[in-house]
Amino acid sequence: MGLTIGVDIGGTKIAAGVVDEEGTILETCKVPTPPTAEGVVDAIGNAVREVSAQHPVEAVGIGAAGYVDDKRATVLFAPNIAWRHEALKDKVEQRVGLPVVVENDANAAAWGEYRFGAGQGHDDVVCITLGTGLGGGIVIGGRLHRGRFGVAAEFGHIRVVPDGLLCGCGSQGCWEQYASGRALVRYAQQRAAATPENAEVLLGLGDGTPEGVEGRHVSQAARAGDPVSVDAFRELARWAGAGLADLASLFDPSAFIVGGGVSDEGDLVLDPIRKSFKRWLVGGQWRPHAQVLAAQLGGEAGLVGAADLARQG
Amino acid sequence: MGLTIGVDIGGTKIAAGVVDEEGTILETCKVPTPPTAEGVVDAIGNAVREVSAQHPVEAVGIGAAGYVDDKRATVLFAPNIAWRHEALKDKVEQRVGLPVVVENDANAAAWGEYRFGAGQGHDDVVCITLGTGLGGGIVIGGRLHRGRFGVAAEFGHIRVVPDGLLCGCGSQGCWEQYASGRALVRYAQQRAAATPENAEVLLGLGDGTPEGVEGRHVSQAARAGDPVSVDAFRELARWAGAGLADLASLFDPSAFIVGGGVSDEGDLVLDPIRKSFKRWLVGGQWRPHAQVLAAQLGGEAGLVGAADLARQG
Amino acid sequence: MGLTIGVDIGGTKIAAGVVDEEGTILETCKVPTPPTAEGVVDAIGNAVREVSAQHPVEAVGIGAAGYVDDKRATVLFAPNIAWRHEALKDKVEQRVGLPVVVENDANAAAWGEYRFGAGQGHDDVVCITLGTGLGGGIVIGGRLHRGRFGVAAEFGHIRVVPDGLLCGCGSQGCWEQYASGRALVRYAQQRAAATPENAEVLLGLGDGTPEGVEGRHVSQAARAGDPVSVDAFRELARWAGAGLADLASLFDPSAFIVGGGVSDEGDLVLDPIRKSFKRWLVGGQWRPHAQVLAAQLGGEAGLVGAADLARQG
Amino acid sequence: MGLTIGVDIGGTKIAAGVVDEEGTILETCKVPTPPTAEGVVDAIGNAVREVSAQHPVEAVGIGAAGYVDDKRATVLFAPNIAWRHEALKDKVEQRVGLPVVVENDANAAAWGEYRFGAGQGHDDVVCITLGTGLGGGIVIGGRLHRGRFGVAAEFGHIRVVPDGLLCGCGSQGCWEQYASGRALVRYAQQRAAATPENAEVLLGLGDGTPEGVEGRHVSQAARAGDPVSVDAFRELARWAGAGLADLASLFDPSAFIVGGGVSDEGDLVLDPIRKSFKRWLVGGQWRPHAQVLAAQLGGEAGLVGAADLARQG
């Protein structure tokens, strides 16, 4: 198969792109995410038509947040769009006249990294995406592990603290409450409120209040050595690395790939995660250690991965 | 291939058995586990020769506690025997003149249940073994998931309580400290010490003291309605079910199989685990639920599974 | 001193009452709590004038949520009213021409129970108030323990779960997130969402959804044996009792008094709390146990206690 | 009253000393702690006679680990000596012919620091003793808070981690498992095992293995900047400071005094504890903060305090 289209449905934007067999994006377009479920289907159809006008594409892969069924056709549940048992594959196929594959967005991103990014050369990789929340994807023996019902790799919602923080999913103590961009901001805000004398750089980047602290402030201040910001990254790494150690006990991959906005900070966040991973890895002296790698495709991993999954049919 | 031999190396006994293609054991022998690493290799060799005397066997599968490497040849680390990077496959092959496969014992048991026990008819199953500790095995798409380095499915050592109980592995808060036969006894002992008036049946079965409580007492007393013993099982189920919910978020199998001595109690322990699993399953109303099944092969699952793995080569 | 006035500033109503030396309320009035800090002072002044019209009163005691300074004059911080370093004593004295004492509301309620309620006959009592949140008060050797700066006995905000639930105070894992009326409702809602088949009575009392469950529904359904509701009370008791065990290790009182709306349920909630307290009391077999008593004054404890504190000057 | 004798019963030695009204020790003797309960009484009698030979003493105060009853006469339970409801006061009085007061050893040490050490000038102080374990004492309004039954201030056994580490007391998650000399060593050993490359100094001070690490090694290595040792102190401080924050919510003292062997390290351990205390103090911006002070009397606090309590009768 030749060219395919990848679609990434984000909370604010829908991105569509024509992708070739090497994972190269030939053309893209982005449109705002409509507020209604129907609107999203329309927007996908329009975006697909737009980018495919100049390219002979053969299939469409869609990455969507939420639970996608084992047939890769129906969104069982989406957190941000009112999709409940939404037959997305059929609806989009009718509009665009091309075969469509639907995939969980973090799975698609993991596949993208496996095929064209940091995972090249590995057969067994586990990806975590530290964005606003925490998503994940699993590749075992060169195949995406989707689970019997299509909902595997929901890393963000394993319980790491019994009776812990409330999560949007309704449960408590979910990993994404402790290892995610949102968690990083909370760590910084709490510490800045308690010890503002150690957060002068951080507070100076926003409106001067702990509540005004944003994720990019924490990164910038940490690079400048702001004690509270450095400590917030350390806390994030403490939870991220401990969780990777658990995933090593479960999946035993040859590599972990850490993506998402938080990973844009590179070794500022990766090095503490590696240390924490090593600290918590059970039986570490008796077993080979998985590598902890930074993702390489950035925000385009999902789009590229979805296009490639469509190509593979 | 026709008949093969399965070997199960336990803490106190080594069992060897001739197994046919249907998983039926034709002949077995058991010998005490020698205290030295060399002694164990000798004992395996002797047991294999004994059971194979009357049967034309073609291969040997060995289930051993600990980390087995990805080539299924070397025991990287064993918790109870002083094996460190022990070339078990080579040593036994030299003695018995048959091809040998080494596998983690819980993996072997999971494979046995998948092939001939509760997992028949499923392609994706996750097994947990609630014995003295907690072991596990994973079958994905009809294949045993061993991990890149051979050490996947170490369920017992994922962290479920940060800063929790010390584990023999050196880490803290490992799942097996909260969901295992040993944990069940601890729950009962603690409660019996605090509220002996609610543990009269339980205490009457032993020497009258909380320290004298054993696992079989807890089961027997729970069946008689002893409040402390019922509560101990409930606590065990609370942790076991919550952990299965996490494994569902990660692996999304169609069935969980619960084996090990604790599962001999059947619905006394399975029903509370099912309730707890449902209680903690994230997104439970939007996704198909895995079944939670009792293991069917009892203590022979590992031997049968090891034999079958040897057959498959 | 003869008659005094107690004032209880609640989130929705301000109650004022004339109280005699026996703790009997002779006359009361209630007015809605104004939205502004100034409005509250006005309302207090008016309420005091109204109830004192027919009675020769000599002093006023005010119970207010928040931190009250060691001079019992200034509200350092209030959670529901925009008071920050508010000189409440002076402002009210100017309006009513009587000596005024300001006290934390939970302290006032504890004092009321100690003097005229469940604490009579004890010299060392610790009170917890399970209302919407969790408040507390301490009496040691017949004296209210206010702390050096006036802010002792903030029981609701001791940390019982590291990295636990976010609290309105900005911290995490505070006891009131696990033992309070709000926690009880959360326990019931979570369980009803996960296992609606065990919450038929409970869901039938509200609008049929877990979100529609209110505190009074949980109590009513628990009395009818609704499994989810009974379990919600058990969970509440688990945390309340464990916390009392900690307070026993710290304060070693002769009695605990449990008040607040949740305690209106009497033994439905008190008995599980007693069991849980006994379960977690450290060294329980070697030491005398404090009693766990139900509060007797209901919602008037704070008003009566504030009036009595004013009498004592 | 003039001179009194203080006795401190330790796990390995019994110390007795003549103390004047200023808290000055005029003469002391130390004897090994006998293994039997009767032997300890004999040894106390002998030691008292020896130090009192040249001094006109009027009373004896004894500090003992364990629960001492509200009459300061009977040891209800001792952890290291087989005392169960031991009438220590009567037995020693019969031997030495002087009035005897028995007190919990951490209470005695707290009283010593309050009267003659870091607590001078404060009326409300809370002391914690970070020795092998964690002990505590409370002074409120210039009086030792013993509790109704004599067993208050058992700080070491409040639960800071639900389902946490097993404690010698039979409970789980006790504070002393996380903040004590023993905890410090565990933190260092665990980290040295996981990341020996960060513990070269530390490992070089002992036998080269993590198991060989002792408390004094951790201090010495931390002073040399050994990363694992510094991190072990930081972890200790994390738990010590968070616990002090809880004690502030409960007792609201004007000062905390930190004693015990760990506090010998001075600001190496005090500064991180102060930071952690500030980090976790609830409502910190709205209330005066207690000081966190280093104890001043070292290992003699208990002896001096017991002598002074005897003087006060």
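Each chain carries a letter (A, B, C and D) given by its place in the written order, and its residues are counted from 1.
Heads up, the rule we're going with is that a residue touches a chain if its C-beta (ideal position, glycine included) is under 8 Å from a C-beta of that chain, and two chains touch if they have at least 3 such contacts.
All of these numbers come straight from a predicted model, not from anything done at the bench.
Q: Determine the set of chains touching chain B that also touch chain D.
A: A, C
Q: What chain is the most remote from chain D, judged by the mean position of CA atoms in each chain?
A: Relative to chain D, the chain with the farthest C-alpha centre is A.
Q: Using mean CA coordinates as chain centres, what's the gap between chain A and chain B in Å?
A: 34
Q: Compute the distance, rounded to whole Å, between the mean C-alpha positions of chain A and chain D.
A: Whole-Å distance between the two chain centres: 50.
Q: I'd like the Å distance between the centres of chain A and chain C, where a centre is the mean of that chain's Cα atoms.
A: 45
Q: Which positions in chain C touch two or more other chains at once?
A: In chain C, 161-163, 170, 193, 280 touch at least two other chains.
Q: State the interface residues of chain D toward chain C in the complex, per the touch definition above.
A: By the definition above, chain D touches chain C via 67, 76-77, 84, 123-124, 140-141, 143, 145-155, 157-162, 169-171, 174, 242, 245-247, 249-254, 280, 282-283, 286-288, 290.
Q: What part of chain D is in contact with chain B in the complex they form?
A: Contact set of chain D toward chain B: 161-166, 170, 172, 178, 190, 193.
Q: If we count contacts the way the header does, which residues on chain C are in touch with chain B in the complex?
A: 162-163, 191, 193-195, 275, 278-281, 284-285
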